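Have a look at this one before I ask anything.
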Amino acid sequence: MADALLEVESLTKRFGGVVASDQISLALKHGELHAIIGPNGAGKTTLIGQLTGEIAPDAGSVCFDGRDITAVPVYRRSALGLARSFQITSLFMDFTALDNVALAVQAHAGHSFRFWRDARRDRALREPALAALAGVGLAGRAHMTVADLSHGERRQLEIAMALATKPRMLLLDEPMAGMGPEESARLIEILRRLKNTMTILLIEHDMDAVFALADRISVLVYGRIIASGDPDAIRADVAVRQAYLGESAGAAHG
Amino acid sequence: MSKSLTPRVAVNVLLVLLLALVPVYAALTGSTFAMTLFARIMIMALAALSLNLIMGYGGMVSFGHAAYLGIGGYAVGILAKEGIASGFVQWPAAIAASALYALVVGALSLRTRGVYFIMITLAFAQMIYYVAIGLDRYGGDDGLTIYRNSQFGGLIDIGDKTVFYYLCFALLMAGIYAVWRIVNSRFGLVIQGARSNERRMRAIGFPTFRYKLACFVIAGAMCGLAGALLANHTSYISPAMMSWTRSGDLIVMAVLGGMRAAFGPLIGAMTFLLLEDVLARATDYPNLIIGPLLLIVAIYVNGGIDGLLGGARRG
Amino acid sequence: MLYFTEQLLNGIQLGMLLFLLAAGLTLIFGIMDLVNLAHGSLYMIGAYFAATFADWTDSFVFGAILALFATLVVGMVLEMTAIRRLYGRDHLDHVLATFGLLLFFNELVRLIWGPAGLTLSLPSEMLNAVQVLPGLYYPIYRLVIIGVTLAVGAALYVLVMRSRLGMLIRAGASNREMVGALGINIKLLYTLVFGLGAALAGFAGLMQAPILTVQIGMGENILIAAFVVVTIGGIGSIRGAFVAAMLVGIVDTIGRAFVPDLLHVYLNEAAASSLGRALSSMSIYLLMALVLIVRPAGLFPAASR
């Protein structure tokens, strides 16, 4: 598909006897927000691992912007324009929020073999970082240590860091995890604004968020994509209802 | 950050003044003992400083750092024995040899982490230790006396104790300043970030391995310089310079003083070596006190002595 | 050939001693995540106790049993007073603390027993050699070491693989938090594990005392080798400790026995003897570096943490 930014072709991964990814194929169009849903243990973590390069697939390929990145190491994928946020908050705890985002900016500002100038006074790093923080509404928290931020603020910081690398595509791994209703609503707004400017792959349990934001949804069960299409089609799909939506109909905030 | 006179800043300033004035004290009393002792402290502080760069800021706990003290010292000693007494050849050789070994060790060790990293750096130090013991020509296990200090033409004469002392002082101060700048630079932030969360660093796009390796090499080179100084200070080199207990001493000095504190290694070296010296005079069994003291500091004092003075606690 | 077999047996015997030390270390590493530089001190204390008690009771066996018990007590007291405050802390805190303990114990031993070492003599029956192969006589006592350690190893295996305590130990090695969450008395478990490690170390010390040495600082040399064994074997794995101990013991002994001679074939006298000594001392470190480069987590890593 000429229009696809991300093309995943028959991605397969086995751990011992367990097939964590069973010939997964996906295609994300430029500018779409594609959500992946599925019960726990469906293999979402393994899928993300293969998309980011932390896990090597046994078979299949991942193509980004027409280029096969299946074997590209983790740190180079970011330079290609693929950014991710982590499901379990993974930040630099003893640094400030601003430091965290500035590091993400720094990663894409040439090499870092500079030994002399104070990086914390480097406007080329600090200004974009501050802007990214403002974009997620954390400007007021810029100088607080991450350890002192609330859970919701840390999740926002996760997104800010991913955004600071000026990506073409965002891979969001359960960004709503552990958030209360207010914080979730705020994050949904941020993502809605982002939708127009970039391609997003959203892994999420929170059905409100998924149906509010997704252009297309794929359903992952036991390592396989059992259905893929627009939100209404998915809502109506019998197999999906049986496997997944039927169970969580009562639990809206996963 | 306010520039107020906190206890920490006061202690650091006093320390520098104290060190600067030791030769004056020596001139007044006519005894060079204090100069010899404090020169040694400053040299070990430089070594501990280099270790702190990778360990305190980079999270790379090397149990083989004394190897570079040895390599630097042996570079000077071997060249001296072969008739090359020029410091302009010896000292760059010491630094280069240490940097080279650090490059090899780092390239192989930085693939591992945690306790394995500690062990493999220890192994590489042991290897070079045994090589030194096997060097019969250069004294083997007994070591080698150096009969001529490193010569610097008419520039300076480090045979003069006062001159040598101030050279050590200058190099240490320069080292502390350099480490401080490095640590806060872009490079330093990558190193610190890798210590804090290496997985995240790679996810945002840093090829962390090459930065950690570069840091490892810089630390090795700095320690090699300390080794060259040590060889000149004692006029003697021996494999004991790089025994694993010596590496342990360096770790103790760095942790005791407070890792991630600019003057931490100096405070740690001074405390540890002075304590050793004082207690050795007071009792036949100094380690009966030093041992438990280290234990207590490890358990109760977070952030080393610098932490006690109000510095940043270890996260 | 006979010489080779003799050295091989020596290597196995050394491996057995290393196994005793490494087993304790790897358990303590694996379960409490504790780096213990003072483990060699317990080895030393075991030897010193054995020499003293054997002297008092005029019996090697009684002395050994008392020494084993005494070392176990020392280990458990150490754990309860000092070691347990280190759990969960940075490895560096462990290094600093146990380094202090190492210095302390060396000095304490010097205070109590003096700077010269001790000797521990064997009962006369064990002093003989027995014919293991035509033409090869091997000291009975060394065979006893091999045999007894194998028995201890078997007992340890049964303990770890088949008993309830062992199950807790294995569970703790692969997932510490879970064991705590299950409501098991972690404190007691840790004290027992540390005590077991201490007893094993003391046992190794007293067993080697008659043939090798009883002196201050004896712990340091073998401790490094024990760390090498644990690293090669994989942290938390007793099986790994056994395999690695055999490897290390044999490589070290065979290396020291044959490398210098091998080099003499190719190099001149002086170079061969220098290089030979250096290489044979280095052999176990080369081995470890090689293993870690290929398998950064050792041969049998217990589990991911």
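A few points about this structure:
A, B and C label the chains in the order they appear, each numbered from 1.
Going forward, contacts are C-beta pairs under 8 Å (C-beta built on N, C-alpha and C of every residue); 3 or more make two chains touch, one makes a residue touch a chain.
Values in this document were obtained by computation on a predicted structure and should not be read as measured data.
Summed over C-beta pairs in contact, the chain pair with the top total is B-C.
Centrality annotation: B (chain centre taken as mean Cα position, compared with the mean over all protein Cα atoms).
Ranking all chains by how far their C-alpha centres lie from the centre of chain A, first place goes to C.
Averaging Cα coordinates per chain places chain A and chain B 44 Å apart.
We define each chain's centre as the mean of its Cα atoms; on that basis chain B and chain C are separated by 31 Å.
One inter-chain figure worth recording: chain A and chain C are separated by 49 Å, centre to centre, where each centre is the mean of the chain's CA atoms. Multi-chain contact residues, meaning those touching two or more other chains, do not occur anywhere in chain C. Contact residues on chain A toward chain B in their complex (touch as defined above): 52, 73-76, 78-79, 83-84, 86, 90-95, 99, 103-104, 106-108, 112-120, 122, 125, 147, 161, 165.
By the touch rule above, chain B contacts chain C in their complex via residues 55, 61, 63, 108-109, 111-116, 118-120, 122-124, 126-127, 130-131, 133-137, 140, 244-245, 248, 251-252, 255-256, 259, 285-288, 290-295, 297-299, 314.
Contact residues of chain B toward chain A in the complex are 181-182, 184-190, 192-193, 196-197, 199-208, 211, 214, 315.
Those residues of chain C that touch chain B in the complex are listed here as 29, 35, 37, 82, 85-86, 89-97, 99-108, 110-111, 220, 224, 227-228, 231, 235, 270, 273-279, 281-282, 285-286, 288-289, 292-293, 296-298.
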